[in-house]
Structure formats: C-alpha cells, structure tokens
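Presented below are the structures under discussion, each in the form of structure tokens.
Here subunit A shows up in two complexes: once beside subunit B, once beside subunit C.
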Partner chain A sequence: MSGADTDGARAFLDRAADRMVDATAIERIAIGFASTALALALGSVIVAATGYDAVEFVTSLVDGAVGSESNIAFTLRQSSMLILAGVAVAIAFRAGVFNIGVQGQFVVGGFATSLTILYFAPHLPEGTTGGVLLMALGAIAAMLAGGAYAALPGLMKAYADANEVITTIMLNFIASGVVYFLIDEYLRPAGTSAPNTERFPEYVELPRVVFDSPSFSVVGLGVALAAVVLVAVFMSRTRLGYDLVTSGHQQSAAAYSGVDPGRTVVTTMVLSGMVAGLAGAVFAVMILGYYSDPSTFPTFGFDAIAVSLLAANSPVGVVPAGLLFGGLDAGGQYIGFTTDVPSELVDGVVGLIVLFVAAPELFRMAGKRAWLGGDRE
Partner chain B sequence: MSVADYAARNRAGIGVSAALVVLAVVLVLVYEIPVAELVTVGAAERAIQAATPIALAAIGGLYAEKSGVFNIGLEGFMIFGALLGAAGAWIAAGEQSPVTQADLWVGLVAATVACALMAVVFAVLTIRYKADQIVAGLAVWFLGLGFGPFTASVIWGGVSSPSLPNIDNVVVPVLADVPVLGRLFFDASPLVLFTIVLAVAAWVVLFRTRFGYWVQAAGENPEALDTAGVDVNRVRYATVIFSGAMAGFGGATLSIGLGSGFTGTGVTMVDGRGWIAIVAYLFGNYNPIGAYLASFLFGSMDMLQIQLQTVGVEEIPGSLTDLFPYVAVLVVLTLVGYTRMPASVGEPYETEE
Partner chain C sequence: MSDGETPVGDGGEAETDETPAGDGGEAETDETPADGDASRDSVDLTAADGDVPPAVRLEGITKRFGDVVANDGVDFTLEPGTVHAIVGENGAGKTTLMSVLYGLYRPDEGRIVVDGEPRTFDSPRDASDAGIGMIHQHFQLVDTMTVLQNVVLGYEPTDSGLVDADRAREEIAEVCATYGFDVDEYLDTRIEELGIGVQQRVEIVKSLYRGADTLVLDEPTAVLTPQEVDDLFDVMVELTESGRSLVFITHKLEEAMAVADEITVLRDGEAVGTVDGDATSREELARMMVGREVLFDTVERTTSPGAEILSVEDLHVRDDRGLLAVRGVDCTVREGEILGIAGVEGNGQAELVEALTGLRSVEEGTVTFAGRDVTDRSRRERIQAGIAYVPEDRQAEGLVQDYDLVRNALLGNQTVEPFVRGRFVNWGAVRDHAESIVDEYDVQPGNADAEASSLSGGNQQKFVVGREFEHDPDLLVASHPTRGVDIGAIEFIHERLREMRDDGVGVVLVSSKLDEIQQLSDRIAVVYEGEFVDVVDPAAVTDHDLGLLMTGDSPDGPVAAAEPAADGGGGA
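Then we have the complex of A and B:
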C-alpha cells in the first residue's frame, strides 16, 4: 500500500511542477509583470476604499524605495537578503520540494554565525585579518547549520513521506523558540534584560564602499549575486543539478535514469538550507552585528517564497524579483513612517502577487478574451 | 473487526501513541513531574477549548482534501476569521456601546460568511483557473498575514483589537453539578459543544450519505463520478467553500468565541493552528472523529505549559513548552506520514465533453 501512496504523492508533485514550467519564458515574465501591476493596482484601490490617499500611497512607496541615497541603500540591503533567501527557495521549488522552512534555516544559520564569531574572537588576532577570518568561519558555520537543519525535513520527506510544507513550517516555529531560549538562558550578558547576545567585535563588519550605511555593504549584495551565479551554473551545467531539476520536472523520468528520489530530496533540501544559512550569516554580520530574539526578525524567508515564485523559480530571475520586493519592502516601511496608511498593506500586496502568480491560467484566459475578441472557450 | 485486525490496520497510529507515551514517561521521570496533579478537570476543560478552533478548521480541510482539493490556506482563512469575528462584533456594537453577546454572535456569523465568500474566490482560482493548489494556499496565508493586521489597523489604529468579551457558557441546571462531566459538557461554551456535534455529523455525512460518497468519489475517482452524472467540480466547490467557512468560524471562535479579541502581532494569534489542523486530519486518517481526537491531542499539548506551571515544574521554561505542539506534529507526521491521500488530490478535473 505504501508504494502506491508515494507514487500518488509523487504524481501530485509532478503535476504541480509541470504546470509551473508549462509557461514559456516570455509568458512567465509577462505573467510576473501583470501579477505585480494588478496587485499594486488592487492595493491602491484598497487604500482609496479605506479612506486614505491612493496617490500619496504610490508616490510614498516609490519615494521610500528609490527617493534618496539612504533609501536606495535600504532597498539594496533588503534586496540582498531577499535575493539570497530567494535563491534558497528557488533551488528547492525547482526540484519540486516545497521548502517553506527557509526562515527557520536562516534563523539557525545566523545563530551559528554568531556563536562562531563570539567563540573564536578571543582566539584570533584583532583587526581586519581577524575580522575576515571570523566572517569566513561564521559563513561556513551558517551553511553547515542551515544545511543540517534543512536535512531534517528532507529525511522526513524522503524516508517517512512526511509533507514538507508542514514539517518545514513547524521547524520554523521550533528554530525561533529554541534560539530564543538559548540566547535568553545562556548568551545574554549578565545584567541585561533584552534577549540579545554580546555585540560582535567592531572589526567584524563588511567594508563600507559606495554607500556609507551602517547596515548595508555592497559586499553583501556581491555575496548574494555570487550565490545566484553559482546556483545558476550548478543547476544548468552540472550532472547533479540536472538531476535535481529533472526530478522536480518529472520524478518518474528521473527515477528511470537511475536517480535515487529519496537522496535527491535530501540533497535538494541541504543545498537550499545552505544558501538559507548563508543569508542568515549576512543578516547577522551586515545588518545586526549581534544576535537576538528571532521572532523580532524580518520575515525574509517567507517573502523569499514570493520572490522565487515571481521569478518562476529561476535563480537568475530571482535578481530582478528580489530587487522589486526589496523596493516594495523599503517603500512599505517608509509608508508606515510618513503616511497614515498602515505598512502591513504592502504584505497584503505581496500576498496578492503570489495569488496571481499561482493562477497563470487567469491571465491566459484574460489575454485570450482581450486580444482574440472575447471568444468563449 | 478483531483486535488483531484493528492493530494491523492502525500500526502507525499505535506507533505514534507508543512513542508519545515513552516521551511523556521520560519527561516525567527526568523532571519528577507529579502526574496526578497534571490531569485535572480544569486541564481537560482547557484542552477541549484549545482543540475547538483546530478541530473546526481540520473538519473543513478534511472535506476539501477528500474531494480532491488540498486547501493549504486554512491558516490564512483562520487569520481572516479571527480578525473578522472581532471586527464584526466591534462594528455591530457601535463605537461607544460595550460589545454584547448578540454582537459576538453577529461577529461569528459575519466571519464565517466572509470566509466562505473568500473561499469562493479560492475555489474559482484553483478549480476553474487551475491555479497551483499549494501556491494559491500559501497566497491565502500571506494575504491573511498582510490584510489581517492591516484591517485591524484601519479599524482600531493598531494591529490588535482592544480586549473583547467572549461567548457565555451554556449551563444546564442540575447536570452541571455532576462531577467532571458536568463541568466539561454541561457548563461549557456552546462552540465547544457545537464542534463535538459537528465532528459526529461530519462523520455521518461523509460515510453514510450520498453526498459523502460524492465527496469521496470526487477525490478518488472523479471520472467514475462524472460518468454517474454528478458534476465533479460542483462537489469540489461545495467542499472548498465549506472548508473556508469552517476555518473562518474556527478563527472567530479563537478570537471572540473563547478568547478575548484579535491579536495581530507577529504571525497573529492563529500562530500555526491552521497548519496543525492539516496535520490533525492527516493523523485522524481523514476521519472527522479522528481529526477531532487529534485536535484534542494538540490542544492538550498547547495547554501543557499552564499545567506544568500550576504544579510548580519550573525547570522547563515556557519558551520550550510552547514548542510541544509543533514537536508533536513532527513526530506524528514522521510516523504516520504515509497516510493515504485521495488519488486525485491536486489535480484539476476537466469533463471530457
């Protein structure tokens, strides 16, 4: 009985993946643009309907995203995080594994970075050399921790057929709770009440080039773009990458060509978790400079799902999608400061984008009606 | 069915129960927890209350999935339900006057109807426009996380509502004085009682009526149902709308049925209960009564923290006991992961005309 069931589950994923890659590249880009435009338009309508000024909403949104040098730095900072986390999601979704746990892997990765930096700092020379070494060690620790934490739901899916959407969401809650507990119980410096670790040494920071911002460095964006290139090359130019994508596209075909489906799922999750962990490392070093209660962190790991879906799960497509969402995020927070419109509206707009991206058929039918003269199906 | 047959068919269920019992015994021994003081009537009462919103969403989700649509958006519908229940009651009461029992019922009904309408949109997208069910379900969650707190801000100027009353208990004279059962069932929230009745009714409808057979056929063998002259998609619309309505009702039950208003901070007050509801019906093997019992298990996990505090176990901090329901979900899913899902889940059905 068990064999037939896994087949059923696999066929289900096959079909889901098929539909996602059904669209041609141009069509996907068009759907992405249409979804974003429609979601923003609907957002403006909601703004107007709830008695706010829709024009002010849109101009503030744009102003917050690109209105000044510091706003651009903030947009790029959010974009760097969303691109990294988006690539993590894209690896998994491409391979037909719904890793919703990027947020948890990101939290665990950043925590591993923080532990590593705080532990090794007294043992290494101070100054730039020590800083670079600590950041490198921290990044490696983050990737190991993120990969290991993602292996868990991978193993549970591969060998116990546990639905990864649910296990990864549960592991998000658990990561957040356990990291909070460890910081509050063991890492909080004596005499303080906030659940924060000690600050990292001053020399552990990314260089301030181009933008003079305390929480954004072009190097962080560089790390994100390097990850994009590496993952894109890996997916399209290596045997293992090819196998992963084939499994996502058509599991039965991959199995016939000798790919072990269980191992593929675990490998996919580990790779995805490693990139998510790296995102955590960048977050800890570039943005925070210490570690804190994860429930107060931005939800990059969730927004990354929208980024990846908008990019049709293409690692390269994640770059423009990440820039767009970084801008939306920065603009949304700016709206919260400068207008009466509650900033949560932008989260809702993100939800609308995902909803529209989920239903490409909607646009195809609308497109047919509009351009082919409203003929019925 | 003999005991041996039953054991053979429910191997996983028994395995899970055994694992949980072992885990519990280890914890009890390590922390010297006074067990007798943990299991009190009050604990059972709180566990049943905690189980109620989860069970409502689980029973709805079960119907949708049985008919072939995986409504992964339960969490999102619950958030909307929690918000709209509180908002409905608040608006019904008017700006100045206090919220009365009648206003609360208006809120519950409003949340249920509004979520049913939202589920219509979800159903049209997934059934008619063949939207990817997992992605569309995630979208509902995102929409809830965004528009839930947004709407709260529009109404109350902050992401949470002010403190609101909840639905009064129904007290049956005389019977309420019966020890244990009296407090659990004859001095209880009508919503708790309704949910128990609903679980039984949902079982009867699913396994003993013609509509129930249609639901099962729509998920297992839609072609056969179509051949028999029943519109597969109409059955699926019905179950998906029902699942949205029940999740919304469950959310409203959480905020104003049993709770004290809407909280929109973080991942909102729903806090993963919609996801747990999905696991509850998987663990219950698509049986509404099983789903209710699984919800009760998760509900009691949720309440364990309060119990441990009352008996004075301080070694396990609250930040960890809070995680018990999530860990329980992982254990359950790993051991019962292979629950047989209906053959045609996730597959849009097209008639062959």
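Then we have the complex of A and C:
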C-alpha cells in the first residue's frame, strides 16, 4: 500500500511496459525463445522435485520436437494443422466473432473431402492426374461444407441474436455425432467393425518431397502457409478485410462507415469456416487417408484458439505460434514414449511454457491498451 | 505515506503553509482554512510578512514525447488562495503540463516547487502527499461503490485493521460543512445513481479529504450543464476563500474570465503570457491563443441557395428504447443552404440525423435525396450517393480508436475511388489523403501514423471533420461539428462550412451552441420533443425567443422586431 517501494516498482513496471509495447518483431521472437528456456528451466526443477530425471525430461522434449528427421516431420505435421486451424480462428476473432466451432467445421470439412474422394474416385482416371483432381475437388468440397456449416451460427447470430459462442460449441457436438452416425451406418465397409470409411485410393496422396514420413508432406505445410498469406493480404489489403477487421475493433465505427453488421458476421463465419474446412481436407488426405469417428480426432480446432490468441489473432503471428504448439505437442507425446514422467506433469510443463510465452505478449497488449509507449499528446 | 492519522489535514508533510491570516497576496485568502482540526502545524513565520511562497511554481518545464514537444520551457506560478486558469487550444499542452505537476509524467527539464520547496514526483501518490489533487475530466470514481467508499478509498481511517466507517463519515461531514458541499447527503448512495455535477463534487471532496491544498481541475465544465457550471463556480470561490489554490484548465474563454484571478495562455507547448483575469478581454485571449486576430462576427453571404437537395416528409423514427423520438418532421434543404437544427439535446436530433444518414431505420415517412427516395437505402449506399456525416460521437463512431489516422482515413471511404480499386485498398492514396487532412485541418500531433486514441478530443474532431468535409459531398450532415474544439479550429471549421455552402453543398447542422447555429444557418429549425416547432430566420430571432421555442413555448411576438443576436450567446 504505502511507501516509495510500490511507487518505485510502479515506475519500473511503467518503463518495462513502455519498452515492451515498442518491441520489434525480432525482439518479440527472441523474448519468446527466452521465455521458453526459462519455463523449461523452471519445469525441470519441478520435474526433478517430483523425483524424475529432469535432464532426461528436457532432452526428450527437445528430442521429440526436433531431434530427428521423423520427429521434425511430426512437429511440422502438427504445426501445419494448428496453423490452418489457427488462421480460421484468427479470421473470426479479428472480426470480433467468437467462432469456437472451428473443430466442428474442421470435422465437417474433412468429411466432405472424404465423401467427394470416395464418390468420384471410380469415375476419374487412376494415377497422379486422378489423385490431383480428387484432392482438388475434395478441398473445394471441404471449404464449401466448412463455410456452409459455419454460416449457420453466423446467420443465427446476425438475424436471431443467438450468441455464437454457444451455438458454435453445440454445433461441434452435432457435427461429431452426425458424422459418426453416417460413417457407422452407411460408409463402414461390410465385414468391418471399426467406424471407418474405406481407404482412399493410394494415389490420393500429397507428395512427400522432403521428409520420408507417411503422415506429413511439405505440401500440407505449403497449403497452411498459403492460407496464412492469403488471409493476411485479405485482411490488410482488401476492402472487405478492412470492413471485417473494423467491425472487430469497433462495431459502432464500422456501422458508421457503412458496414452492414449482420452481413459482416455471416461473411466472417463463412470465411473462417472455409479455412477450417480446408484444415479438415488436409487432415483427411495427409494424415488419415480415410475418415473415421470424429470424437477420436486430435482437437486441433480447440488448440487453435490458444494458437490464435498467442498470435494476438494476427494471421502471420499464427505461424510461430503454430510451430511452438506443434513442437510442444510432438515433444510432449515423445516424452510419453521414452520416459516414465506422467503425462499430467508433461502437460503441466507444456502449459508453463505456453504461459511464459504468452505473458510478455499479454503484457504488451495490456500496455498498449493503457496507451503506454509511442507518442501521446 | 505516513498520513494515516488525520487525512483531513495536511498529513505529515512539513509544508511551508501559507498562513491563513494576513498573507497580503493579491487575492484575499484571509478566511481561516477551518480545517476542522488544528493540524496545520507548521506555520512558516516568514510567511506572515507577506512573503508567501507560491502554492505551486513550475520553472522551465519541458516535456517531449518522441519528436513532439508537448511543453517547451513553461513557467507557471500559482499564488496561494487564487484561481489560475490555463487556456489554450487543443494540443497546446495544458493537460501535459498538469500531468507533470500531478506526477503522471516526469518532465525532461525543469523544476517543480510546491510551497517553496523543490519536489520531484514519481507518481500521483507523491503529488498527492505534497498536497496536490487533480480532478480529471473523466472522473476517477468506482461507479458501483458508495460515495463514502469512494472518498476514503486508499486512505481509509482504520480501527484495529478494519475500516472505521463512523470516523470516515464524521471526517467527510466536516469537509462538507467547511465548504458548504452537499456531498454528505449522498454518502451511502452509489456513484452510478448520482448526476454528473454531484459526482464532480465527490471528486473534489475526495481530494480535500486527502489533504489537497492545490486542486487541478481539468476541463471541469465540459461535462456540466450551465446550471451545474454556475454551482461549480460557487464551489471554486468557496475553496479559494478558505485558502485553497486552484488551477482551472479550460478552453472556454468566458469561463476563464469569469472565475480566474490570473490566466496563463499556452500555445504550441509554450506559455505565451499571463494576464489578469479581470483586465483582459475575449479578443485578447483569443489572439494570444491563436496567434492572430479572431473574428467572432457573422459573415454575410454573397451566394444564394439553389435547387432542393434533401426533402423529408412526415418522418417518424424510433429511438433505441422503441419510443418515437422523431414525430412527423417535414423539411427541405437546398443546395448551398445551411439548415440549422436548434434544440435542447435529447429532443430527437440524434435520431433524426441517423435517419437521414442511413444509420437508423425509419418508422414512417420518406427521405428524398437528389430526387431519389433513399428511405430504404443503406448507409453505404447513401455515402456513395454523396451524403457525408460528421457524427455526434467521434469516439465511438467517427474513429476507430486503436487505428492510426491512415487507417481511419479509410473509414466511410471504403467504396470511394481512388482509396479503393476494385476489391483492394490503395493504401498509398489513403495515406496521402490522411496526411492532407492532418495538414489542412491542423491535426496535432501532425503525424498520420499516430493512433486515434492518442489524440486529444479536439484533434480527433478536427480529423473527423476534415475527412467528412473532403468527401466532396452533395449533402453534409454535421452533428456538433465544433464540439470540444478550440477557437482557432472553430473558426476554420466554420469557414470551411461556409465555403462548402458557397460551393453548393446542402448542409444540415445540428449544434447545441446557439451562437454557432445563428452565425451559420440560413434557416433555423427548432426541434422540441421530436417535432419542428418552428422554422425561423436567424437574422430575425433573438436568443430569448429561440430559448422559448426550444422549451416548447412560443414567443409572443414571434420573430418580430428583433435585432440580430449579438455574438457570444453564452454569457450570463
């Protein structure tokens, strides 16, 4: 309460916040690495304190993320998915629409891809040409389906005042349940018991190019990065992007400038859902090669919320955030195989890293909001 | 710090207090301070000889923000027991200077001397401990807490660790009794239930309770009604009579002249001079503020209006609560004509304006623009058709606060060439546009990369006005275009409005300033409870008659035998 100590600390904090607000992109990335190292140091103390081998823990984590070619491939695979889904989240959040339904749109998109590929495969030539055609059709179908599925909560919000957080969460369950039902009831090949569709033809496959991994292709990462670039350009250089982002910043000013709020919500959801659907397509083609019970899928659509928030909802920022989360995911899973450290502890340390990386960014945002840094009259 | 004991008094600081009796300063300060208790312990005997140190002395204060020099070697002396007004245009550095005094900013150069003693402030807490209190334009009160809780917040008298509410109550009652405040009547009322005027007095009581001898009032009248302004002035007199010293920041010259003993004028961060409040004139102050002569008179027009550009028939509009706010308005505006809309705020002006600009749907009636029925046209379609709009609320509507000015220059221009080409934004053209607005409308700081939220209110307004004026509209709807803007800018905006009128733009002007309406309008429509009670000729109506019309009465001899209203409108 009283005393010069708190005031001195306040002045120090003020200056620190000033410094943070004005940090450059490179400084921020450096801060991110330093935070990760610090969190790892603290995490290994905790690991050691609970009686496990801290050195082994840290080396396993790093090893799992970047230790070998196949581990890097796995990291990049997870990162590709998280980047794509993260961009989907970022579009919506930037426009002030809280699309928590990326997972559902992702599930529906992947399902549309699978149906398209399985339906058209007999009608198209086999081999590379057919494969490329099928994948292209599948991707288009995924984007249409994801966009359409996301349009539902958009319409409900715009014209019936239904809170999109609630509707998108509910639609996640519906997507998962309905897709499971359809697969189990109609698409399961006779004589099998697992709720899986038939496998896609083997020529429906992304070329591996660099890494020799059955579930990762740099083309998948390329799709994710292309989506990042397209969305970033869309947001910063197009009229519609300006309309969406302005709505997210300040609804009343957007309306003043002639933006139709209802239509903007629907557009935002459709775009977000399209990217989420594309993520589903990549998942189905690159990782699975068939389609399955969505409740067994990784929760990329939910993890992407954390990715997007860490990136301050910037589509470009989603790339480093996605790589970090992908690496932690890969490393965390690897620890499970190589050490006896309980998975709860692994998750705890991973959470610590995310917290440490996010804290300076949050500090920055808070500082910015408090109008620190820069010029002020 | 160690002032937990008697918050009403001066705290533990050994200040060289001005003696209450016989200090021989310019203004009479010889009432006993009546602190309630006799805690003014450290009476400096030399003071009794008339050699009282100033309550506050700022010497050569310089404060820079990056390249911008907000204060440039400013000297300022506040004599004890007086009101010292600081006037200046928006961005002249008034608030920065006071923020330095209040410990919010640390000056790059210069010295702060309080009661003869040099000081450095690291935080507002230090300033507060030195007896300086600040009443911000936006009150620093917790809405959901009671008046009592707000006043003692952070300085609670305690009894074995618990807040001693009874003692707090007594002490606040004492403060109130001393200055004749009514705040103690509301001690258990929550702030959100109180009017703005009362909230402001709570702020003042809060500062006094904390032992403030010097109060800085930052544009205190901006939020008040005329009646509340009078009350505030009474309070200020009361405070100085009991020995407190006041700094009064304002850009309203009449107010400064009405209450201040001395007036210091700031321009571009420099103190251009200090004058005696009684001996100066509006013209002199305005010249000092702006740096040249300022005209206050109505300018005769030499052009005449053309064809009808806007026509409104039997317009009915509902407000946010679903009540009819506009009930059957008919009017027309011609090219090259300014239609002023006068009225007490809240009589449907806001809803009428929103219906004209396409932001609010119409219940009944039609809006015809340039011969086309636009009643059901969207806001964007109306922008494209050539309707520009200076919104009443620049903070929420006119600007995106966390965009820089370049991005804000696109707001409302998203469909206008050359700022967009096809679906893409041409940021180069937008930036040029933003820079030309900043230049031409003298937006400070003169940097298009500044975030909107970092600009003072008046500069924000200038930017919005500039953007909308430069739309090349056929119809301009301007809602309070000079609100919060300083004299130089008002003059400029008025001149631009006249130019646009002469160029054939139809203008709908809503303003709460009667003198503005009278100076600019070709016709004045008086609105009362959502209806136009009369449309009058500005040259042939008096303030008095307008006032009557605005309150729903009709003057006996309407619009008759009236001399053109003198400028100034605002006086007592």
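Rule of thumb we're sticking to: the second predicted complex is superposed on the first by the 286 of 377 C-alpha atoms of A that agree within 3 Å, B and C clash if a C-alpha of one lies under 4 Å from a C-alpha of the other, contacts with A are read in each partner's own complex, and residues count from 1 in each chain.
In the analysis below, contacts are C-beta pairs under 8 Å (C-beta built on N, C-alpha and C of every residue); 3 or more make two chains touch, one makes a residue touch a chain.
Please read these numbers as outputs of a predicted model, since none were measured by experiment.
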item: First, second, both or neither for A:Gly258, with subunit B first and subunit C second; value: second
item: Contacts of A:Thr50 with subunit B and subunit C, given as first, second, both or neither; value: first
item: Subunit B versus subunit C as contact partner of A:Leu345, first or second or both or neither; value: first
item: First, second, both or neither for A:Ile169, with subunit B first and subunit C second; value: first
item: Touched partner set for A:Val354, first subunit B, second subunit C, both or neither; value: first
item: Subunit C versus subunit B, contacts on subunit A by residue; value: B
item: Touched partner set for A:Ser68, first subunit B, second subunit C, both or neither; value: neither
item: Which superposed partner A:Met156 touches (first subunit B, second subunit C, both, neither); value: first
item: Partner chain(s) touched by A:Thr238 [first = subunit B, second = subunit C, both, neither]; value: second
item: Contact residues common to both interfaces of subunit A (with subunit B and with subunit C); value: 1-2, 8
item: Footprint of subunit A on subunit B - complex, ascending; value: 72, 125, 129-136, 138-150, 153-154, 159, 264, 266, 272, 275, 278-279, 282, 317, 319-320, 322-323, 326-327, 329-330, 333-335, 337-338, 340-341, 343, 345-347
item: Subunit A contact footprint on subunit C (complex, rising order); value: 1-2, 4, 65-68, 70, 91, 95-96, 122-123, 125-126, 154, 358-359, 378-380, 383, 389, 391, 393, 396-403, 407, 410-415, 420, 423-425, 427, 444-445, 447, 450-451, 453-456, 459
item: Contact set on subunit A toward subunit C in their complex; value: 1-4, 7-8, 10-11, 237-240, 242-243, 246, 249-250, 252-260, 368, 371, 374-377
item: Residue ranges of subunit A touching subunit B (in the complex, touch as defined); value: 1-2, 5-6, 8-9, 12, 15-16, 19-20, 50, 98, 100, 156-157, 160-163, 165-167, 169-171, 173-174, 177-178, 180-181, 184-185, 295, 302, 305-306, 309, 342, 344-352, 354-355, 357-359, 361-362, 365
